[in-house]
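Two complexes are shown next, each including chain A; its partner changes from chain B in the first to chain C in the second.
Let's turn to the complex of A and B:
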């Protein structure tokens, strides 16, 4: 295909072509970066949380009368829950994982806040905590019931031994096993690492260190305690009902507030990410649609204003395919100009997004994908007008007024 | 050799049928010069469109250099137009976005000719019509007569072999 005459013809009346090229450039820049963000969100939502999300649910409650007896009541309730045949494990817990709310603390490898440091998201659970989360230990052992304690309110109590995830273990002891090591709280109280959890996500999916989690053998204070229950596979919904009924039968000075599945809670937490992905997908579809309309409009305009020229070309020897190729090539040139500009814009936008919002830098792979995508869209959009051009009769050359 | 026998062509619209050519016959030999005259609406343009393979006809036969052109497909008709027929249109039909050189180049490009040979032909065709000095001008920058000469150069460039070969093409000026 000879592009030189197409280029010289484009240079004579460049306005429409430049506008469409700019539109393509903007579309490419936004589409590529949106796609990149969508994929990141998608990866975030689909990470393995390590926790048995589909089978876990939570029971929220508050003390309501004088017959409430703290740890005794909680132990009774847990016994009730564990006696249900469809329940695998249950624990009291201070916060809900994947919910966006929770507690964290810093620990150090040496007293007085010295040595290596790790910030970890901790959960206060009893001896069934590990099993209720559905996570496994790679090293060490679970704590037993004897060390589970309910500290007095407002004391700066630290458990004697805890479980931490491998993520925490590696941060504190990058070169050796953390098992059995003593670490120190901010108030220099010693704590032994009793076991290492393979992998689990904590309370804040948006946090970079969402996998830095510890389990403390502690009965939490009733102001934020709730029960976490893990049902046998497939029995969660039935157990949610039965658990509420069973607990309501026992009058021991507390009322059940709500029973929620972890699936529901996690979906809520990730709702923004999903909404963003959907929103950006719509933006991409709209931008591609508008770009396609612009390309179609320009091609259709060019064809209809050049019918006599097309007829003349046909008269002096152009075949239908020559005319088709002419308009597709003209459109390809315009698109390519837009794509080149768009690549520059996309990289600038990507750079700006990554520095302003601390996002990862745009991967070039997405740019290639965007370029190929826009070429296909533009080819598809220009095809009908180009085909109409190829069907112009050569007789137009003599019949037009 | 040009030979039309009993060629018929009718235009049909929803309302009526116009017989633009009715059993039209004509034979033209090599080297002959023919002018077609007639009152307005008598079918001159129709005849030339059919003769120039711009339009098809309904019945009869048309042989051009011993080829039955009614049997040719669209691509082959394009090829015949490109190789054997030169058009000088009433309104010249130059392409407004292309300069004089590129306009004369149009039919040659559809012949997939090498750039060097094209350049040679264009130069001699423009030389012949005395427009070598206007090669970079756009049609809109030319007088009517100059535009017509570009159209003549475009029609002739197809047959000019190197400088000043004198084979006469069947050039038709369609009015």
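Let's turn to the complex of A and C:
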């Protein structure tokens, strides 16, 4: 097909074509970068947290009277919770995973803050902690009830043995197994690694090292303590009600506050990421819609102003498919111009985003995807006007002369 | 003249209702996306206390470890929070015209009222200057004095919401209220007050609600009230008692100073630096001297209150508006050129170029205005949607507060729509005005 006549016609009135190309270029830049951000958020939200999110819930409480007896009261409540038939495991815990709030500490492979270092997000749990999270050990063993202690209030306390995730183990001992190794707290107290957890996320989903988690055999201070309960599959909601009722029947110096599912908590933690993804998806949809309408509008206008010219061409022998091809080719040329410009814009925008906001650099296959997508949208938008052009009767040419 | 232009514009819009609607829609969508983004940005970037923001300073001291900075990613910044001994010294020295030392805590609130369940109330444990320094508005009663801090006296100031919940909104000054183990006498009730961002304490999220109740600072030590914000330590305490914690290098307190002039500020900086030097001489504060005073705006900036996401969205929204405008330019051009024979006739009958441009610009601005109004409606709907989907009591209703449209936003939106319309219309109007009438008359 000869594109010379298209080029010469474009040269004579370039404004409309330039505007469409510009629109496509801007649209491509936005779509590609937005899509890239959406996919990142989607991946973040859908990472495997390792923890049995759908079946876990939390019971908040605070001491309320003098009959509260610290560890004794907590153990009594845990016994109540564990006696419920739909409850698989329960523990007292110092923070809520995936909630954005928690505690962390640094450990070292040598005393005096020497050697390799890992920052761990730690949870204080009892012997059922591991089972309540629903995580498994790849090496070693869970701690047993005898080493679970309620320590004095002092930030330098550390338990004698702990469980850590593989992420932590690899950071501390990249070449050998961490099992049974002694590590040191910031105050040089020795701690033994009793077991290694396959994989789990801690409190801060936005943290790069969200998988650096440790479980301490410790009964937490009542200031932060709450109960974490894992229900049998499918029984969570029923158990949330029953747990609250059962605990409220016992009067042991504390009041039960909110009972919340981990699912609810995690959804709230990820709300910003989800909102960003949804918002950008809406923007992309609107953008493609607007761009398609713009292309359609201009193509339709072009066809309507050139009706006579089309009729003449038809009268001198052009077939319907020639006319159709002509307009589609014209559209394709304009779109391609826009797409080339758009690639440059998209890369610039991606560069700006990655340097200014420390986002990852735009992956090139998103660009390919965007280019193909816009070609299709543009072709689809131009198809109807082009078809209408092809239906122009040759007699038009004679009519208005 | 304007009435005539307006009539012509309306006629022209009616002649091509589809095309006109498309242009209004394009501008409306562009404006709506911008407005939604701007609204959230505006809420995040708002100065919560404009009348005093350059007189209030968050005071920070670098008390961290010799081995490493407080924040590895921003090693130049001292911790946001102070140790107990530093905060107590600075507050006691009275080197600022006013200062406040405080932290967030909580206690079980057991209402005497029927049907109200006990709940864990959020407490601000604060010295008495809080209310005066931050211009906190009272509905009933007032705050307390220095003697109540030192006592500590069992007095409490309630938020508007707590007073509604516990006393049904009545003037509860003089009433008793049990928080944890202590019975407090209500001395004041606030008006609804939720500065957003919650600049005076950003530890638990910049957009969470202000606390339910305020108690004198002395209660923190007397009752060993827990810290609900952050407690960060680099050096172990010497013992296990609460006093050991207070003596430790753990940072957990917020400290603000009111310094009316820049001279006051400089003087205070020198005072803090001198104090730090004396502490260094005594073997504390191993890091290089680095004490910073942040006014409210600097404080919000230092704590990155406006989220990165939102800045990204501003850029994307503006580009989106750009696409919509290019789109409108194309459509306008098509529309105007299509009606060129009519314009040619007007020119032939004596209309000047300026008349033609003015006539077309009127039409464009009309489209812009319609787009602006529609865009505003779409934005209100969009914000309501975001609120409905994401607002919950869990995130301190922050989405609730970030999605409120205010008059400033409405005005900015309409102005932006008109500006957008004008920009989009400039070239097409100029082009149609420039065209020689004869060309179009000929084709008739």
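One rule holds for everything that comes next: the second predicted complex is superposed on the first by the 398 of 401 C-alpha atoms of A that agree within 3 Å, B and C clash if a C-alpha of one lies under 4 Å from a C-alpha of the other, contacts with A are read in each partner's own complex, and residues count from 1 in each chain.
Everything that follows uses one rule, which is that contacts are C-beta pairs under 8 Å (C-beta built on N, C-alpha and C of every residue); 3 or more make two chains touch, one makes a residue touch a chain.
Every value quoted in this text rests on a predicted model; they were computed, and no experiment measured them.
K.L.:
Which of the two partners, first being chain B and second being chain C, lies in contact with A:37: first, second, both, or neither?
P.N.:
It touches chain C, and chain B stays clear.
K.L.:
Output check: A:393 vs chain B and chain C. Expected answer is one of first, second, both, neither. What do you get?
P.N.:
Once the two structures are laid over each other on A, A:393 reaches chain B alone.
K.L.:
Check whether A:9 is in contact with chain B, with chain C, with both or with neither, and answer first, second, both or neither.
P.N.:
After superposition on chain A, A:9 lies in contact with chain B alone.
K.L.:
Touch check for A:316: first (chain B), second (chain C), both, or neither?
P.N.:
first
K.L.:
A:248 in the overlay: touching chain B, chain C, both, or neither? Say first, second, both or neither.
P.N.:
neither
K.L.:
After superposing on the shared chain, does chain C or chain B touch more chain A residues?
P.N.:
C
K.L.:
Just chain B (first), just chain C (second), both, or neither: which does A:60 touch?
P.N.:
In the superposition, A:60 touches chain C alone.
K.L.:
May I ask you to decide whether A:283 touches chain B, chain C, both, or neither, giving the answer as first, second, both or neither?
P.N.:
After superposition on chain A, A:283 lies in contact with chain C alone.
K.L.:
If we overlay the two complexes on their shared chain A, which of chain B and chain C does A:268 touch? Say first, second, both or neither.
P.N.:
Second partner only.
K.L.:
Now for A:160: first (chain B), second (chain C), both, or neither, which partner does it touch?
P.N.:
After superposing on A, A:160 lies clear of both chain B and chain C.
K.L.:
Where on chain A do chain B and chain C both make contact?
P.N.:
After superposing on chain A, no chain A residue contacts both chain B and chain C.
K.L.:
What residues of chain B sit close enough to touch chain A in their complex?
P.N.:
Those in contact with chain A are residues 45, 48-49, 52-55, 74-75, 78-79, 81-83, 87, 89-90, 93, 95-99, 102, 105-107, 109-111, 138, 154, 174.
K.L.:
Considering the complex alone, what residue numbers of chain C touch chain A?
P.N.:
My answer: residues 19, 22, 25-26, 29-30, 33, 36, 67, 106-108, 110, 118-120, 226, 231, 233-234, 236-237, 239-240, 242, 244-245, 248, 250, 307-309, 311-313, 315-317, 319-320, 322-324, 326-327, 329-331, 333-334, 337-338, 386, 389-390, 392, 394-395, 399, 431.
K.L.:
Note which residues of chain A are touching chain C in the complex, please.
P.N.:
15-16, 19-20, 22-23, 26-27, 29-30, 33-34, 37, 60, 62-64, 113, 152-156, 186-187, 223-224, 255, 257, 260, 264-265, 268, 271-272, 274-276, 278-280, 283, 286-287, 290-291, 293-294, 297-298, 301, 304-305, 349, 352-353, 356-359
K.L.:
Give the list of chain A residues in touch with chain B in this complex.
P.N.:
Those in contact with chain B are residues 2, 5, 8-9, 12-13, 308-309, 311-322, 393-395, 397-399.
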